[in-house]
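Each chain carries a letter (A, B, C, D, E, F, G and H) given by its place in the written order, and its residues are counted from 1.
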């Protein structure tokens, strides 16, 4: 029951067009979200920059184009599209001004907003093969109004590479640490940083990597404080959460 | 917002004691369940016989006694207590007229209702070690107003024992099939019966039984139609669902 | 031994054409199903509407056509074909009047029967990607003579969408709740409904979804009463069981 | 090499007591943390309230007493002790003013600081059996200077209980959602809230709960945005991270 | 329907005391096992030596005594009791002449029969800790009338120990190979022998032994021909099968 | 050291051409298999019919042709080729008289021997999709000189189909029971039969079938005596072992 | 901070161009690896022969060519490329003198160094299908200056094949034992050898081999002393470690 | 066949007391180990220092005493006893001069030998709870004649603690890295060191640590070269292998 609808019912009672009992039935029968929960979404809109997100997996280029147009028409910009195939990107590009990152399969329509978060989000990876997931996180965060610093290929088996970036790590407001295989990067970063660290296991590796399970378990068991974990390869989720933390 | 509260608000609007806008705020702020969802529970109460259930695990005998007394005072009877230790049962028995089944750790206070379901619920087990779980199911169903027929120790590796009860199986309205180890009983019963079969894996067995996982997987993969599965050792859940089906 | 065959043997004894001993051998040697178990199938036929089911996986279009023809010739209608490829559907369509749903890979030949179940079966999904499995359930139930109400994309992370359909949920006679990823939909529905809820995990998702295992475990551990689970992606099994419950 | 040590070396060069080459060797050979990394800890100290944490598992009461005394002597207060046995708590209490919560096995010595975080941290649980883990989170957050609101026993199979607290959820700055069994609570909360949600699976349950694995997987696969996960039963980790987010 | 019962019915038809139709109903209604399946057990009895088996797990000494007495009264001897606790053994010993092997928890009442199998059964173990399971197999086989040769502690990491018994292995009629940890013994034996090898994984070991899973998987993947596997720690099953093979 | 080689050394000692010490060195240094272990293979050859086996997986048609020719030249016949692709079969057929079964991917060159085993081997399957694995077992057994009876599609969810073949099951000397999904067939057969039952799990099924794991676990946990298990889809291993048992 | 940079800073202090305090800041801020950790790599270079390694997976032929050229220009030779596709190999071959082993997907550019390790590295496999992984190990070791002896297809189910090579095993300085399926080879070798054995599980096999997990677990549980394990199919890692041990 | 026995047989041939054929039978029948394999053990003895090892698990104090005495009588010293209970240690101490380390459950009888390995073995742990396993490794290595340097509690989430010991790590000849939980220590050490690193996962931790599985997987997937893994908690195995490498 939208606000004006509820008001209308109440006014009808005020005007004796409806008895309280009839109004009672009407109110009770209405879908709950119509009463108050739509607030959630508007609330979010106000605080989370302006990015609208389309999950591109399993959607055709035509479907993505249509949804994007309707969002743009409603003034929602930029539009962030995740897990979009190259084929879909080509189709969308025919009609809309799409920037598409092939590695991360992320597309963005409209201007990237000027960063309005409180600080910098660091996105770090253990190896080069983790970069697609990291870029999904980084582009998501950028589309949501964050300054992002990328520290790629700073895996723990060459600890000096990581340590040469200790300054950036110590100064970050939130860190997304992406790693496959042994998944140890977030633990080491978590020990250096004093901001929240979001660990993203990747499905990189072979054999006993088990499609990211080894990295996932490693991260869940980290001794470092201030660390939490998202699903395997979930760069978007990490970028979104990092933005949320950076805008609190 | 309880029914009378909402009516009061609406009457206040009718009486111009509240403006529609003030009423709007009041309604929107009220906890949702107060508007309409309490209906759920009353609804349930009307259709599900009268058993009230206490999950006894981790509750002391004194706690169970207190809860039971309050339920009995409210006219809720019988009271069904699951996973109750022998020690708790002894404590409850000091003050209340408890029937306690040690094998299944189920206790019942008050009269078992006269069966009012549509037909018979068969509770079958593969072996004798599955009986505690089966009894949890059977006593739950009885406490909820069902006629229960027990077919125990009719495991598939002695198929003639099961087949000698083909008549009961064919005549059941719902069957709870309880088995550990290879968990094949529900499949065979499912092929004989034409009523819903609720499969309950048990944690009976050793080695590759993996605490009921082997039986669980076996049941989930059954070729028999009309079969569904509950958690390992969840006799209560199966008995409750069987009663629900038998009262539709 | 079919009924008339057994009677014949017994008449032969009556007529002294067979000694009791010879009859004894004859009866003991006969396949068991010939004595009484064929009853099962006829029994089922009488109570379960009239749908005959063909499991299409791994069958060629020609094979499905042939089986369907023989069923139709025997008056069995409608014929429900599950897991049928688009290619098979095209082949079957050349000779038979097939309605084919590409999403769910379900085909139906013949008239959908007028619903004769006791109430409505609600089929709900958490997301849009769960719809193929849900449609397999819904079409199965419809082919077996049930009124089906679809509530798609009412996942728990936008709880207001689900709650706006609370009425339908509370009025259902049986609910099939289909969800992948975190698999939480059946639990929430199970708390709102007071009818049996059949939970269907789907293989939707990635990473730690493990092809539906996360959803499956979530459903097996639901705190909601009256809930049971079928195999991952087993829409047919859920629809069949729902129909069975709706016809008790 | 502590700051004053490095300065001393440099002054020795300035005074020509050491050649640059000798100083080079000295600096290169010094443990790295002595140069700059100790900064980390002081940094942390300044921003994270003042709680010092002792992991009590496997430590005797005497050991905990000794460590606590040394911390208190250094002005570190309050001291938070997690996973402390009742026996240890009794021993510590003989000499120190310990408040001990038996359910969560958390002890606190010294004054809880006045909350200085930005907003409220909500700690919610699915059931009553999840409360010990939730209290570990809540007490940790309080000891680190946060206002905590507890919403216990608001599991998703009785969704109205949760929804009646929608206001608190929408107003939180960070939410810790604790649940065992199907682990669906964080997903539903994540859909209502627009702040970070930290999901904590608990080892509550039996059978296919697999000691918290079912809940863990459910949480990792949540469709809700802004959600991340910590280890099973890791209330401390969640409370610590929530505090960190609330102090950014 | 026992043989004489069926004959009686048939004679009643012959004598016109029953119509064929009445006899039809009578026969169809009788439990199936009464017609012919009891044969199975007698059949088995004739061919499998004479041991009767009691699964002692979860049975009291008094229960075992009672069952044993009734078996002995029926002339069934010897009685083999597996997984019997020391306490039960002591109770049984008060009334019956029990030989009890504490390591394997096997008890035998009555004379071990003179071996009547075709050849020798070799029971081999990888280590000394596998002996309890091996003895369960060996004593079972002996109680069923087999000559058993024990080759204990001949694990593959000291291959010369095994090879010094190559002659016994080559001359066996059936081999039970018992091993925990890496579970490699059956593979090596399977390559030396040309008789069936029954592999028994044991739950011996720690860490990644996973309670016998490592050994189980190793055995299932053996390259050796003529090898099959039973459940973890299932010495009885292996001994029983070996006896069956040795008596074919 | 081949027999004649060892004799030669010994004769050289007899003729004083070698001192005992020189002979000692020669014997100790010789590869072990040259002394006595080649016996194994000849032994096997004598008792196991005459089939030579080629594992076709990963071998080209040309390689298989070459190996087959050399075996045939040595008088080894028939040659059994398992897991051979259709392409390889076509290549082999150009030069050799190959019978190829496409379902089971088994090829046989040369005459199938007249059965010389002691009795009949029954090969049974739960469903039609299990037939490829069953045929691998059946053809292997036939190639090794066994009479094989096929009982296909006698799964336990239609128990009457299985029971109508009770006679064949009771008369078998060894049974290979092949089943996927719930894997319950071997348990039921094991209860009817009194001969060894070799259970073969198949990778048939979907979802929680986990590629045969559900069936494998079910079989390992069977309550039926005389049952053992081989690897998932290992029809050859089962057929080979069955032949071995049938020739003891 | 490179050596000369640090010296410069120190000299600037000596020359009073920088105050000790200014130098302190400069030193503390410099990346750690610049101070001393680059030593690690040079150290390694000196001791590990001269092979430079490129991980070819996911790199194009052009990328590999470019990296190789730059390494060769720097005098690094030979260049070892692992997991290189045939297509990449063809591209690299156009410009550089590449030797490519198709089975193991290993390429080498430049001269294999004359062995300078202490002894021989034995690389053994259980079957022929394990050879690709073994060759990755063997070629890696050879490229790093080791003498390698290959013992292929010496699996434990034909133990005489292995034992005929006992001499080579006993004389090795380090052994790489590669096996899939039951993974028992390293255990047997470990019992014969008195040098370190590096076990490499392979993903060879089917069914319960679980892509190498069975072999991995078997190896981790080996009773043989002096044995350690690397990841499934990690031939490179084993060859590299073996070389390291052989050069200590 | 012991050397003198084989010589005797050969002399008997030389003396014509045995024909070559009779000798052939005699030799072929002799246990293989008597010919040559006993060499293995003596070989080992010569190269591996002098420690004899008794696996104490499951052995009584009396048994350990007896074995130790017989070893000491044979001059084998020191005797190393692993996994010995405190009770056993007390019993052994009554008669023998035992040093017993309660944390690691290791006992040593006799003098620790003067280190004769090539360099230092570093034993490092991530946390203090890993120390018992580390001590098992360290004491084993010391008992086998190695100089051991202990670096305890240098886990990666406080990387400066580890880096302050970079010198020791770079100078080691072999490193045993012991860690539970995320198991990242060996990866970081492996990147710093250029000697073999033996990774030992421990069962320390809770929840998703899964008794050491998380650490095990992490270690198997390490990106660091020169790293291999032993079983969970297998300190002895790591210490033994380290000693072997240090004595090559």
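Methods note: contacts are C-beta pairs under 8 Å (C-beta built on N, C-alpha and C of every residue); 3 or more make two chains touch, one makes a residue touch a chain.
Treat the numbers as computed from the prediction; the structure is a model and nothing was measured.
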| item | value |
| --- | --- |
| Required steps from chain D to chain E (each step between touching chains, minimum) | 2 |
| Per Cα centroids, the chain farthest from chain E | A |
| Interface residue identity across copies chain D, chain H - same or different by half | different |
| Distance between the centres, which are taken as Cα means, of chain F and chain C, whole angstrom | 39 |
| Centroid distance [mean C-alpha coordinates] between chain F and chain B, Å | 50 |
| Distance between chain centroids, defined by C-alpha means - chain B, chain G (Å) | 59 |
| Multi-chain contact sites of chain G, meaning residues that touch two or more partners | 29, 32, 36-37, 40, 159, 163, 166, 191-192, 207-209, 213, 216, 220-221, 225, 231-232 |
| Set of all touching chain pairs, with the criterion as stated earlier | A-B, A-C, A-D, A-G, A-H, B-C, B-D, B-E, B-F, C-D, C-E, C-F, D-G, D-H, E-F, E-G, E-H, F-G, F-H, G-H |
| Chain H partner contacts - residues on chain E that touch it in the complex | 129, 159-161, 163-167, 206-209 |
| Touching residues on chain A, where the partner in the complex is chain B | 3, 6-7, 10-11, 13-14, 16, 19-21, 23-24, 27-28, 32, 35-36 |
| Complex interface listing, chain H residues touching chain A | 126-127, 155-159, 163, 180-184, 187-188, 190-192, 205, 207-210, 213-215, 217-225 |
| Touching residues (chain side chain C, partner chain B) in the complex | 32, 36-37, 39-40, 43-44, 47-48, 118, 163, 166, 170, 173-174, 191-192, 194-196, 198, 216, 220-221, 225-232, 237-238, 240-241, 244-246, 248 |
| Residues of chain E touching chain B in the complex | 29, 31-34, 37-38, 40, 58, 201, 203, 211-213, 216, 231-234 |
